[in-house]
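Look at the two complexes coming up: subunit A is in both, with subunit B in one and subunit C in the other.
== the complex of A and B ==
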């Protein structure tokens, strides 16, 4: 039953999922490093992106690329809005108050957004048909064009993110603030705007993953909850503050998860993920490739 | 408002409040209100204990609901399956919760802030999933029927019992806060490194705080199980933790009065919002957001300085 074809197919599926997990985790890691906030509401940006995609696709009928761009722009603005309204005011506080306050604040935002979505959109799962129809055979595996497209767009976005961080001025600013906010401020970097950008960018990438994954996951108000759990695990696995680590870990966990589904029931899957998170944090507080101490 | 509460001459007001609580069921005959007060007391005990760890010591324990659930299930199961009396059950529940806390707290000693939150939350979720899936033992989502502690129906007996537990807890916690333990806790919160450099055993005190608070929460969780009569894994769900969080935050962490205020106000608020179903959680979210923004010290003005604890009696 577990022949090569099924395993390869699941592995590819794992790549598809993994590439999107990377988008989600990288955003989470970015905010964690640059803004110093563990954004519990990150999953809700994914959810909002998926809902945006649902409405655009159902009522405007745009294609995959336009939908992704539009949703990313929208979620970017929403992200900036939340940063400005809820995180920014907390910045003058002492470290403990800031940590406590932002953590709890993002929990509040998460609860608020989930229930707002529940009221506005209703509890039923909403789905869209696949972006593309048809399958193609590559060697021993049959893959759908849909999933190939999702995978490629996700890779493209990852590439854009890496380019942004490594080769642009804003990327330099992000890295500077991440390493030493005070030093960056002294060097004349406009911290406030960098934080807005970091948050918006993080949110938009999570939203993009929402757009890409909606044909697979469908969307419902609490979908963010599962997402945030995965984001945690990946970021911790790959190491805090390390976007490269998030990339490795994202793909790894995507593949592991897809293969594991063949062997264990999904109820216990979460337990395993949690257990791994706990173990990693216990024995390697830095995460596997972390640069920042836990 | 803040200074009004902080400046109340304590002993007389507490005695008065105690008297009012004692007389309450006599004055008010409505069983529904008795129920609300019982729930409020349960949460007041829960939040106050959790507050020792979070508000006073600064340990981001976001998995405390696990202890509540463990206490509930262990007590329920020991009565239902092993035939113990509920009184023993309560005790066993507390012990089980304390043991669980030994396991859960161990990874947290090397971690900081939000990471402790993740680990404790993850542990709680693992326990909840196990509870939910181990249907043979716990009946999972189907619900476990739990016999009451008291003979006969009615809410009067549970009311006085939980009030006693509440009073005992408050007295114990008050003593703890005003002892050297309280000072150590606050110093750990303000600066772990400085505390350690003064020779304080961080692990020792954190472990102690975990064990004590989890025992109390375990016992009250057990009480909850026997009071409500039916137990599902939701009792260990993150919703419970978020409720505790809101109550503590709104009431004022870092004080003794805050969690009690928060527990009562939010229990009553939740009941009055019951008709609004989904809007209820929406409002919770807003309450959190506004409290963090505008009332970071809660109603009772928590996180006070050392001086405040000692001069104004918590």
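== the complex of A and C ==
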């Protein structure tokens, strides 16, 4: 019943999904590590990215790359705006007060954006046709150009993010602030600006995943709810605050989910994924790459 | 007029006051030490200078310009660099990355390779370990890295918070040599020390901070003979 072709094909779908999960979770993890905020509104940036793609594709008809860049720029600015307006004013507070305050604040942002989307865009599911038509045979498997293009763009973005964090001046600042904010301030790093940037960057990567996944999933005002759940499990699985961990865990969960759909049923895929996450955390509470216990 | 002038500053943690009308002055090319027991407010004083802690009342001026309550990165850009307790290094980053962070501000970033060479010639051990994670360094090497990071911004004024903390006696002597070496290169130095012997032997002038108040200040040699200081801090 299961031949190799179908399994490989499903595994590749898993990779495509996983690459987008990585975009979502890496940003979520980055904000947790650098800004110290559990951003419950992260899924809403995905939702806004997907709507941005819908409108750009429907009314302007741009190609995948331009759409991704434009949506990311827009969501980046929206992310910076929310950091400056809602998170930044809470910064002078004490640790516990800041943690609780920002958590409640991001829940508020999430509810606000979902309802704003409901009023502005309406409750209907919106979808777009595939970015590219046609299929190609790669060895034993047949893949659509669309999935391949989505996968390549996601990989490119992951590469850019890793390069940015590892090899640029701003990446140095992001890591420094996440390890030791006072030490970073004493070294001359303007903390406030680094936090805006981290938040904007994180939002823009969630937005990019929205752009890339809209041909597969459609967009509606509460789509972010599923996304945040996913981001949560991936980031806890991979290790809180570790972007590298988010990358491994994102791909792993994407593939697991796709294979679960094939071997069991799509209704059971979340059960399978969460069961495996719970199992891993039972034996390794810090997650795959985490340095601290979650 | 001192290079750095602190006049009657007050600092609070929440509702409790930790610094009361504290004044201090440091002249160009001096080494000034602040001594005092645990919880006297020494670290808070240094954090206030670097902009990490708000001051309520009083003033801090640097080269005649008021710098009270200025953000830390602007303080650093004005030429004041602080090496916090525990050296303020980033354990999950390499030695080289740690040093580069010290040169983060735009002006210093351009000179980072030149300053890197200077730091490596002062601490050859750091060159050997440049690709190692800072967290794997020994206590003495960490302190070197902290100082190196502080020097990456070519500061005119270097502040040390408990530099000898946790170091073996042999390493402490080496550290004191390094600090006076840096001083000879024209960098003005303010340091906080719990080890009063070391502080007094290294510095030109000493201040004594007790329960958030400056109780004494003066020439290090004179204070070494002071009855009160001898009894309270030198165990005589």
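Here is the rule we use: the second predicted complex is superposed on the first by the 271 of 294 C-alpha atoms of A that agree within 3 Å, B and C clash if a C-alpha of one lies under 4 Å from a C-alpha of the other, contacts with A are read in each partner's own complex, and residues count from 1 in each chain.
What we mean here is this: a residue touches a chain if its C-beta (ideal position, glycine included) is under 8 Å from a C-beta of that chain, and two chains touch if they have at least 3 such contacts.
These numbers come from a predicted model, not from an experiment.
Q: Tell me which partner A:101 touches in the superposition: subunit B (first), subunit C (second), both or neither.
A: So A:101 only meets subunit B here.
Q: In the three-chain superposition, say which chain, subunit B or subunit C, touches more residues of subunit A.
A: Greater contact footprint in residues on subunit A: B.
Q: Let me test your reading of the model: by the given contact rule, A:109 touches which partner, first (subunit B), second (subunit C), both or neither?
A: Only subunit B; A:109 stays clear of subunit C.
Q: Let me test your reading of the model: by the given contact rule, A:160 touches which partner, first (subunit B), second (subunit C), both or neither?
A: A:160: touches no partner chain.
Q: Quick one: classify A:277 as touching subunit B (first), subunit C (second), both or neither.
A: In the superposition, A:277 contacts subunit B only.
Q: Of the partners subunit B and subunit C, which touch A:6 in the superposed model: first, second, both, neither?
A: Neither partner.
Q: So, A:142: does it touch subunit B (first), subunit C (second), both, or neither?
A: After superposition on chain A, A:142 lies in contact with neither partner.
Q: Going by the contact rule at the top, pick out the subunit A residues touching subunit B in the complex.
A: Checking each residue of subunit A against subunit B gives 38, 86, 89-90, 93, 96-97, 99-101, 103-105, 107-116, 118-119, 232, 236, 267-268, 270-271, 274-275, 277-278, 281-282, 285, 293-294.
Q: Note which residues of subunit C are touching subunit A in the complex, please.
A: The touching residues are 50-52, 71-73, 76-77, 81-82, 84, 88-93, 97, 100-102, 104-105, 108-109, 149, 153.
Q: So in the complex, the part of subunit A that touches subunit C is made up of which residues?
A: These residues of subunit A touch subunit C: 169, 172-173, 175-176, 179-180, 182-192, 291.
Q: Name, in rising order, each residue of subunit B that touches subunit A in their complex.
A: Those residues of subunit B that touch subunit A are 58, 60, 106-107, 110-115, 117-119, 122-123, 125-126, 129-130, 133, 189-190, 242, 245, 249, 278-279, 281-282, 284-289, 292-293, 296, 303.
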